[in-house]
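The same subunit A turns up in both complexes below, where it pairs with subunit B and then with subunit C.
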Partner chain A sequence: MKRLLAILPLLAVVVLVQLLTSWSGTQFYLTQMTMAAYYSLLIIGLCVLMGYAGQISLGHAGFFAIGGYLSAALTTRSLVPFKEAALVRLLDGCGLLHAGRDLYGGELLVVTPWAAALFAVLVAALIAVVIGIPVLKLKGHYLAMATLGFGIIIYRLVLATPWLGEADGISGVPPFVLFFGVTVSGESSVRILNYYLAWGILLSGLILLINLMQSRIGRALRAIHGSEEAADAMGVNIARFKLQTFVLSAVFAAIAGVLLTHYNGGIGPSEAGVMKSVRYVAIVAVGGMAHLWGAMFMGVLLNFLSLRGVFGSYDDAVFGLILIVIMLFAPEGILGLIAGRKKPAATVPTVEQDGEV
Partner chain B sequence: MTTELFVQYLFAGITYGSIYAIVAIGFNIIYNTTGIINFAQGEFVMLGGMIAISLLSFLPLPAAIALAVLLTMVIGALIEIIFIRWLENPSVLRMIIITIGLSILTREAAVHIWGENIRALPYFVGNEITTIGIMGARISPQVLWVVGVCGVMVVVLHLFFRATSVGREMRACAANRLATVLCGINPRNMVTFSFVLSAGMGALAGCVMSPITYTQYDMGTGLAIKGFTVAILGGLGHSGGAVAAGLLLGVIEAFSVSVVPLAFQDAIAITILLLILFVRPHGIFGSGEAARLKAF
Partner chain C sequence: MAILAVENLHRRFGGLHAVNDVSFQVAAGQIKAVIGPNGAGKTTLFNLLSGALMPSSGVVRFQGKDIQGRRPFEIAALGMARTYQNIKMFTGMTALENVMVGCHLRGRAGFFSSMLHAPWTWGEERAVLEKSMELLELLEIGECAHVLATSLAFGQQRAVELARALAMQPSLLLLDEPAAGLNIYETAEVGRLISKIRDMGITVLLVEHDMSLVMDISDEIVVLCFGEMIAEDLPAAIQKNPEVIRIYLGE
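Here is the complex of A and B:
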């Protein structure tokens, strides 16, 4: 309960920011705050993978893109030419399709956002399982290169597939009606609602992960991070825990991709780029690897500044510099530095009391 | 497939393959002395080409290339001295992230200095339409330059590691760091030297390949991942294996053009990388017994 109370001040800040922007007539900041919140959803997921399980991933933009692109393509690409196919008829019969008119008044038959989103996240999770089983046997450079390779393959596929819009990406993605009256959409009339929605989702994700990291799973992950051999000897199923964490972080990335794509009304190939994956790793590193609060705070701050265009044409360079400076001088992250270089939680052995994990 | 077409593809494969082999050997040199993979390896190739192109406006071609290689070596040394030398036992994760950061910074510096334009050095002999006939295929003389220079580099490097005292000290450092210190060799200097060496090799490769493959600020990442594929395929730290694996990957890529779309060419190398990592992480030519001692 005490852990959850820590959310309250943050909730107050979220409300305060909204009131301040309304009061000063700068509501347009809320748009970037909303987008930053969705990116941070991916980042807290990656934080669990990198900081707690100790597995680097240079391919998380790939999972974000799988979520975003699949839901974008399914909700915009018309199924009219395949109207007679058994699968399309079945989907229609289940109420998963949505008929409408396109920009030119033509007939349009697309998958509903809910069905598309669930499918996209499911596919991302499946791919994470298939990729994760062999990849997570690797360590160090090998793991980094393998996940980087996965990210590049997704990027190339996106660029070379006409169904995914090639270099143009996909635009005209419809709003996502979550339930009655609540819609994920970039319309300025629902800006405040979407701001609270995004932050509500982010904070729910944060609470979920914080609780998870205090549970048996979290202790097992920290044991694995400390020493795989020791954890193995204590009866921790290393492969299973690593895979579960990998899939969990991929699902967070895919959900972020789905929601942000509906919010922006489109997605482009740069979202799948290697630089995006590196940027996510940089943000987790600045927040202090095994520090969910730090990762979330830095995720919101840096994404907000980047989206506001504060870094100009030095955007990528800033993230490169952040990576180097943090890793050289404060490998425990900025918050770790402020806390007087305390030993990070990740290296504190906590496995003694629960040997049967 | 006709003989001419076969030879044509083969030479295209060998050209790219020798470049991959050089990048892979660059990885190996640094890996052997430090145990880290320098993710900024591809950037050395880009820097070599870019600097040579800039110098060409006031220097003749050979001098421009020589100076470009020299300058890239200085940059390699500076990178090592500023960012890596003073770290005490850094973890692998930390080194990966630092070298990735270095690669981004180098690339961003390049885009601000040279812009996003695709540039190229002129052909060393003749121009883009000069060809020589080999078994009915038409090959640019530059292809022979690339293969020749890369071949000479591999031989010289081999002799350097065998016959010179610095080369032997570097090998000693790779074999047993502590014993090297006890023999009065400073391993930190050897690490700096390995960065200088792989920067110089990358830069020279970047210069000879520039007329055919062009030079662009963001070419490094693609080269790095292919060089890494080759380094793994040949067995990490194993330079002879890197040459064989580099040529193999180059030829596979060249022939794949006739089967899969060009857009997926990069995906082939990466798929090979993933397969080899999953099935045989010590590489085709690496020793499985030695691999068990390393941490994958």
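Here is the complex of A and C:
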């Protein structure tokens, strides 16, 4: 209960932002706030992997893209030519397909958003398992390079596959009716609803991860970060926990990809780009690695500024610069810097007691 | 009954025989010490027993099961706990959290139930917290519970490490130089503590350089030198063993 109470002030801020924009007639800000919330969903998942379990990933844009692209392709690419195939008929029989008309009035048969989303997230999870098993045996730079390689592969695959739209990406992705009356869509008529939906999902994700970190599993993950050898000797199955965390963060990334793609009505190859992965790592670092609140806050702030075009054409350069500056001056993140100032005060009395022993 | 049996254990690093044909047994309920000059292979032996290193050949039997070649977390699950010569605290975690990790094997909560903070994990979590606090108090560092473990004094870190190992409720506890870096008062305290641990029903195997501590508390002593076992006897007999005297004091 106490943990849920900690969310309340944030909830109040979320509501306040909405009211302020309505009052001042700047509701268009809510669009970027919604998008920033979805990006932050990926950020907090990555924060658990990097900050708590201590495993870097420079390939998380890849998982975002797997989620977004699969969901986009399945809900837009018509299955009419394969109408007679056994698989398509089976899917249709299960109610997983949706028949409609395309822009030119032609017959259209696509997968429903729910089925596409579940499939996309499942595939991302499976790929995370397949990639994670060999790659997570690596440490430090080697893990960074291997995940970077994965990110590059996904990027090039997206660019080279006609089904995924190559350099054009996929547009015309339909709205995602989550349940009656709640639709993930970028239409201005449902802007406020989508703002609350995105933030509701982000805060739910945050609560789940905070719960996880304060549990037996969270302690085991932090122990792996603290001393792999000692964690192993305490009975922590390191390989399994690393893999589970990797998959969990990939699932968060894929869900973010699915939702943002339906919200934007499309996805382009830049979402799979390596610079996106670097940006995510930079944001987690600014937030303070092992600091879910910090990562979420920075995720929202920096993505919002970036989406508003504040950094102009220097967008990627800004995130590169942020990464350098943080690594040099505040490796514990900006919030870590503040917490670090407070920490000595709390521990000094104990240290003094030690001196007398 | 022997809780641990080591038979013809070998470990080579290139041409170096770090542990060369070592065989001994540890009876349940005893305190057994492994002594020897620096480089005798004591820590290597511990790493072989706990699974941190693979033996080149030989058998390690723990509670009747062959465990050589098993991973450390599997051996831990069978009831073997250890501490390290160079303390290995979980950095970034408080003393209490360090000890709570020691309770890992007794927990059941998985990823999903933890994320949902499911009611059936609450009792387990409370039990882990109480047990860990109890252990910190047993080792007289209860007041440090919420301090970052790495910011504690050296002796306190050793105590945290010991509490963490005890939290595993092991049947066999390996202590790698528990008195290293401690003054004589603290060393005597550690000696009393180890006896107390044995009285709790935990078998203890320790590596130690402090001879007075070893002679005080051990039931039996194994002497290693350059990887080979040169003696295994009662403390009084080891003190009179001419070869042991030769190793420690020279000709």
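Definition applied: the second predicted complex is superposed on the first by the 339 of 357 C-alpha atoms of A that agree within 3 Å, B and C clash if a C-alpha of one lies under 4 Å from a C-alpha of the other, contacts with A are read in each partner's own complex, and residues count from 1 in each chain.
Following the convention adopted for this analysis, contacts are C-beta pairs under 8 Å (C-beta built on N, C-alpha and C of every residue); 3 or more make two chains touch, one makes a residue touch a chain.
Just so we're clear, the structure is a prediction, and the values are computed from it rather than from any experiment.
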Partner chain(s) touched by A:P9 [first = subunit B, second = subunit C, both, neither]: neither
Partner chain(s) touched by A:I152 [first = subunit B, second = subunit C, both, neither]: first
Partner chain(s) touched by A:G181 [first = subunit B, second = subunit C, both, neither]: neither
Which of subunit B and subunit C A:G312 touches, first, second, both or neither: neither
Partner chain in contact with A:L212 - subunit B first, subunit C second, else both or neither: second
Subunit B versus subunit C as contact partner of A:G95, first or second or both or neither: neither
Partner chain(s) touched by A:L138 [first = subunit B, second = subunit C, both, neither]: first
Contacts of A:G25 with subunit B and subunit C, given as first, second, both or neither: neither
Subunit B versus subunit C as contact partner of A:P162, first or second or both or neither: neither
Residue numbers on subunit A that touch subunit B, as the complex places them: 54, 56, 58, 134-135, 137-142, 144-146, 148-150, 152-153, 156-157, 159-160, 274-275, 278, 281-282, 285, 313-314, 316-317, 319-324, 327-328, 331
Contact footprint of subunit A on subunit B as seen in their complex: 36-37, 39, 83, 87, 91-94, 96-98, 100-105, 107-109, 112, 221, 225, 228, 232, 261, 263-264, 266-267, 270-271, 273-274, 277-278, 281, 295-296
Complex interface listing, subunit A residues touching subunit C: 3, 208-209, 211-212, 215-220, 222-223, 225-227, 229-238, 244, 248, 290, 343, 347, 350-351, 353-354, 357
Residue numbers on subunit C that touch subunit A, as the complex places them: 50, 52, 71-73, 76-77, 81-82, 84, 88-93, 97, 100-105, 107, 109-111, 114-117, 121, 124-125, 128, 143-144, 147-148, 151-153, 155-156, 164, 168
